[in-house]
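Shared between the two complexes below is subunit A, which has subunit B as its partner in the first and subunit C in the second.
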Partner chain A sequence: MMTTMPDLSPLYAELFLAGAALVLLMLGVFRGEQSARSISGFAVIALIATAGLVLAGGGETVTTFGGSFISDQFAVYMKVVSLLGAAMILVISGPYMQAEKMDRFEYPVLILLATLGMCLMISANDLIALYMGLELQSLALYVIAAFKRNSQRSTEAGLKYFVLGALSSGMYLYGASMLYGFTGSVGFEGIAQSAAAAEVSGGVVIGLVFVAAALAFKISAVPFHMWTPDVYEGAPTPVTAFFAAAPKAAGVALVVRVMIDAFGTMGPQWQQIMIVVSILSMALGAFAAIGQTNIKRLMAYSSIGHMGYALVGLAAGTVEGITGVLVYMAIYVVMNGGVWVCILSMRRAEGMVENIDDLAGLAKNNPTMAFALAVLMFSLAGIPPMAGFFGKFYVFMAAVDAGLITLAVIGLVTSVVGAFYYIRIVKVIYMDEPAAAFDAPASGGMRVVLLGSTAFTILFVVAPSSLVEVAGKAAASLF
Partner chain B sequence: MISAIVFMPLIGAILVGFMGRRIGDTGSMILTSSLVVLAAIFSAITLADVAFGHNPQHIVVLEWMRSGDFELDWAFKVDTLTAVMLFVVTGVSSLVHIYSIGYMSDDPHRPRFFAYLSLFTFAMLMLVTADNFVQLFFGWEGVGLASYLLIGFWFKKSTANAAAMKAFIVNRVGDFGFALGIFALFMVTGSVEFDAVFAQAAQYQGQSFNFLGYDVDILTTICLLLFVGAMGKSAQLFLHTWLPDAMEGPTPVSALIHAATMVTAGVFMVARCSPLFELAPVALEFVTVIGATTAIFAASVGLVQNDIKRVIAYSTCSQLGYMFFAIGVGAYPVAIFHLFTHAFFKALLFLGAGSVIHAMHHEQDMRKMGGLWKTIPFTYAMMLIGTVALMGFPGTAGYFSKDAVLEVAYAAHSGVGNYAFWMGIIAAFMTSFYSWRLIFMTFHGKTRADQHTFEHAHESPLVMLVPLVLLSIGALFAGYAFYDSFVGHHFQEFWGDAIFIADPENGVMHHFHDVPDWVKRLPIVMGGIGFVTAWLFYIKITSIPGALAKQFEPIYQFLLNKWYFDELYDLIFVRFSKWLGEKLWIFGDGKIIDGLGPDGVAASVMQVTKRVVALQTGYLYHYAFAMLIGVVGLVTYFLVWGVH
Partner chain C sequence: MMVATTAFYVFAAITIAAAFMVIAARNPVHSVLYLILAFFNAAALFVLIGAEFLAMILVIVYVGAVAVLFMFVVMMLDINFTELREGVLQYLPIGALVGVILVVEVLLVVGGIAVGPLSPDVAAAPAPMSSDVENTRALGQLLYTQYIYFFQIAGLILLVAMIGAIVLTLRQREGVRKQSIAAQNARTREDAVELVDIKPGSGI
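On to the complex of A and B.
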């Protein structure tokens, strides 16, 4: 029997990234700890180069490995967002890792592996390939959550994340086996065909629910969000920043692909799940964040809320809706980069501080950063003309067009409630009695990320259509 | 070139705003000023090309928003109306920039001030170049924001902060109407672009739609809503209260924002929407009445004010009233003409007053001035020119434009037109009186300033005087030079399609040239009487004002307290909303929301957080349990309510 080599050309970028991760790992092993900084630098270059390869690969829809790997416009868009998000976080992690004596070479390598997992799951076209990408990403994330080995909080975070992650993986596999049993296929196209052909059976719906629940865990949507605040607070801050950016983008991409590609004909079923999950996430994100005093915890609830808004677009289930989701995620990742630069700069002589009150007087001590953080907060709150407003605008418009007016109204109300705690931070920065200044000025890389993120947030209003057009093409490639 | 005009001030604002410290005070001032001056030169060229060369332009900068059927480009619409406004805005703005170099010379935050000035200029340019209502609204809000920043520039002064807040809040009321108007337009016509909306306007004439439960005329409702926005921006009666208080800001700001540019945005907007207003006669009558009433109201309050800037502020309010009633009777070109000339002499008066204030070490009370003409003769001469132009002395700019305004009101031969005409005539008398009162109290008689201040009063530096000279040239000659093109017999050739007039051949725009002679002379006579009365009161027999004030105490108090508008609003709105807010706060917020909402949630979150100390609490189990509950809930939902 002849075995032919599968066509590898659609995965050049992933192969490059895997190779880079292995080379850097070897480099680290043989060169020892002192090489951590240069490896981190190489990792950033590798991520950006991979993004370049992804873009160079073009956007035609190609499948390989017997249809379990797909490359299309959608995959290109989300991979670029995830890769650049990861690179951004790696750039801003450096000073923290050095100050906390954690700059070990395993960190950038694990980030590379996690990002590789994301790329694979974004391109997954069947349930098994999806599981493989998901686990590659998750295993790397479990380890870096517990990366500060001598900190009880960090190890606690890692362990919690691992146990709950394992539970969600179990749910996923259970759901996947149900789907295979009832449709006779693990490929998304096969599932879609069999779901379209016959009356939708209860087994398929239950499989769908389990799979959706497991994926919702990855993007920390309510009620599968419980791990988020604890892990965000406990993990080292750069790791939290990473959690908030790239894996969220990849997770949302995954949900979108599974729902549209595999269950496209079962819209009425999964739309109901998405509406419920979206409303719960938006509400919890808005209300629970108000009571927080720790800024990392606050950002955890903020990210829960933002996932809710992104799911509004998915719930619409139209090309416009998915376009909205894609625009939303790109804006979200960029805004987050800037916010985390500010949080990573909250360092005083006695160590890192994490309370919102510690930001008091930032306007006086560091007006530039205060301005940038204020802009980003306004943007997260969705106040025009910041970029965050457009993210919300496109998903809500799509929801209204799809007739989900109640959902859009609830979204508007929660975004108003949510604006309260974002603006409270601005108030603390500008109005409260100044606290002691932060020392250790931000590194060059951090400044570049903060500047870029703020500039993007402010200037997005000038030319929103350029991003929206690309996102629109990416979304159209799914349908 | 249009893009350069619009964006140069923005570039200046950004550079100086973010890097002011690095550029330095002097660098910041020179950078912003030269960019705006350059914009002014370009604007003059544009005016010549577009208005006199009959070459209106439409420039798409970029595609802006695309969402379903909703398409919007960011584009510049440059016709004669816009070109005139561009010239006024950049012209006055560049002079104010230069003047501020001298006026703000001892302020430690000069880069910030110049950045705000340039930012304001940019927003105003956005507003006048708008090609659709959304862009107009962005500019509209932008000038509001920049003016808030500028009024409150001396943020350590609590009155300045309060004034900034008041300006912002009162304008919110107007903006609400404006936004409703835009929504209604979009709902009816399905577009927000000027050309598309105006093209459809005719087909809705006389039709009605359901608004707030009533069947109302479409165009009248929309025009009234839009006009509410204009009333807020242009400080017309009922929404005027913020303008006098805004005088707390630095004086160059008053000259730029509260004389020449932002307050005229309302006039501009209504003129821009002439294709709508022309088809809504009821709305136009309303505009006339409000305009005429504002003209007389503000002038009467101006009679008794003692703060030099407040007198000019009420005068501005009153002159804006003139512009609006000119619009109300359908004479848009006349209104814009008055806007154009008014920009020169009112900016001149403000900057002159600034020069007086500068000389007197920030003293603004006219009762503590007097006899200054000897110490600051140049400023005196400039203020005189501004005053004769404002009162409409024959030959000056104000003479041509104000008389034209009054003549069109007369020529309208309608009830509201006659009302406006007579109110305008009385207001002309008052204008002359308070202007001369200002001159006499400030510059003539024996000084009432304390010895020290008076002796140290000094003429302003050259950098402040040059803008005054340039403005005074405009105040003297702008009327004569532009009368024929703006409002002469061939006005249509000049304005092109920029302004729509329903009946151009037989309207007031032609009849007003043929009004009886007494109508033409009356304003001059009234101005003369005003001058003589002021001279009698404040030079010849200085005891008269005091005696009159005592004799007619109630009237005096009524005027001094600005017709008690602030008190009335305080009683109706401020106290009531405070009372309502307090009730809601105690009952709603305290009992319901705090109990169950933020505080409750916060308390429970805190409690939970406290319990999470170690790993062994079983908390993880809770998490897993919540996930399972979620899955079970969803599965149950589908099993019980069925699979569709």
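On to the complex of A and C.
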């Protein structure tokens, strides 16, 4: 039996990333532990080069491997966001890893493999490819959550994440088996064709619900968020920063692709799920964060809330809504990079500190970072003219246009509540009795990321249309 | 036909008897041995219906790996099995309930009750005839051609699992003396032997 070679050209970026991960792994194994720093540097270069390859690949819609892999504008956009997010986190994790004696070469290699998983799932065009990408990403994330072996909290975080992640994978597979049984296809086009039939069978709806629940778990949307605060608090800080950035973007991309591509005609069925999930996420993100004293936990709740806002755009289910989601995720990833640089700089002689109170007096000790963090907090709260405001603006506008006025109003109310705890941090920085200064200023890479992130946040208002235009094209490629 | 039917009943009877003995045997080592017997007979049943690939997997994975692992656990860990057995009567009602639920489910499946109409594609999917091509070859032909993409990602996932296992468990222990053959061979007489001129009547 002769088979033709599948077309590999849409896959060049992923092949390059996989090859880079394997080469760096070999390099690390042969050169030993002292090679960690250089491998980390190479990994950053590999991620940026992959992003370049993705962009060079162009945006026309192509599928390969019998329709399992799709490359389109949407995939290009989300891959670039995820890849650059991952590269950013890798740049800022260096100093922490060295200080905590965790700078082993496996860390950048696992980040590369996790990012490869993200690229594969963003480009997944059937249920099996989606699952494989998801597992590749998740397994690497479980390992790096437990990377600080001698810390009980880190091990606990890894174990918790692993057990609950395995549960959600089980739910996904159950839903996927239902979908296959009742639609006769694992491909998104096939499922969409069956779902477009006049009478959708109950089994398809059950499968849809299970798949949606499992994907909501991966992006930590309420009511599947329980793991998030513990894992975020326990995992080493750079790993938490990574969790909050790239996998979130890839996860949201996944939800969008599955809902629009596979279940585009079943809008009323999944839109109500998304509306409920997004309302709950926004509310929990706003209210539960108020009482937090640990900044990593606070960021965990903040990320839950942000997932809620992003899902508002998906709940609208229109091209404008998806555009809003895409803009939101890009802004979210960039803002997060800056915030995590500040959190990673919270180091005193006795080690890392994680309490919000420890930020007191930052305005006096390090005015530049204080200003940057204040800007980023205002942006996370969604206060104009920062970038975060535009993210929220586009999703809420799309929701209003789609007639989901209640949802938009709830979103506005919860952002006002959420603004309280973001602005409290600004208050601690500028007005509270100064605490001891942090030592050892940030590394060059961290400064660049903080500067870039802050500049983007402030200057986004100058030309919002350039990003929105690109996101609009990406969103349109889905419909 | 007669031979196949007889073989089926023999294997099926041994499977059930062995399965019963797994829970009835007093000695846990015997339980594991009965489990292996049950696996072997189940594999024989698979061969009878023409699923020789499943039979091989059952023998390799379950007998070769899982059962041996069980054996290790039973023999190396100091578990008091008589103590574990004490609560059996107490949990019997729950066990019976689970059994009843399983029976009801099997009846429902046989009765053909479904949530919705099964997709006609799946229902009508032709089962490949085992006489045309044996299913090991059929699986191989699909796996390495049509599904090569998934096969490769699965390889990467296993690589991540391997890296993870090493990262999370390998540790360099202090004070372990390792043999370094290169260092031994590189030693010269000058490194190893020191000539000391000792005056009579004094120590070193």
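Brief remarks on what is shown
One rule holds for everything that comes next: the second predicted complex is superposed on the first by the 478 of 479 C-alpha atoms of A that agree within 3 Å, B and C clash if a C-alpha of one lies under 4 Å from a C-alpha of the other, contacts with A are read in each partner's own complex, and residues count from 1 in each chain.
In this section, a contact is a pair of C-beta atoms (placed from the backbone, for glycine too) under 8 Å apart; a residue touches a chain by one contact, two chains touch by 3 or more.
Predicted, not measured: the structure shown is a model, and the values here were computed from it.
Contacts of A:419 after superposition on the shared chain: neither subunit B nor subunit C is touched.
After overlaying the two complexes on the shared chain, residue contacts for A:104 are found with subunit C alone; subunit B is out of touch. Contact with subunit B, but none with subunit C, is seen for A:167 once the two complexes are overlaid on the shared chain.
Of the two partner chains, both subunit B and subunit C are touched by A:206. By the touch criterion defined above, A:319 lies against neither subunit B nor subunit C after alignment on the C-alpha atoms of chain A. By the touch criterion stated above, A:113 is placed in contact with subunit C alone, subunit B being left untouched.
Put simply, subunit A uses residues 201-202, 206 to touch subunit B in one complex and subunit C in the other.
Taken together, the subunit C residues at the contact with subunit A in this complex read 114-122, 125, 141, 145-146, 148-150, 153-154, 156-157, 159-161, 163-164, 166-168, 171.
Here subunit A touches subunit B in the complex through residues 156, 159-160, 163-164, 167-168, 171, 200-202, 205-206, 209-210, 212-213, 216-217, 223-224, 226-227, 230, 268-269, 272-273, 276, 287-288, 290-292, 320, 368, 385, 393-394, 397, 401, 462-465, 468-469, going by the rule given at the top. Of all residues in subunit B, only 18, 62-68, 74, 138, 597-598, 601-603, 605-606, 612, 614-615, 620, 622-624, 626-627, 629-631, 633-635, 637-639, 643-644 touch subunit A in the complex they form.
Those residues of subunit A whose C-beta lies close enough to touch subunit C in the complex are 1, 3, 6, 18, 25, 65-66, 68-69, 104, 106, 109-110, 113, 116, 120, 128-129, 132-133, 135-136, 139-140, 142-143, 146-147, 149, 158, 180-185, 194, 201-204, 206.
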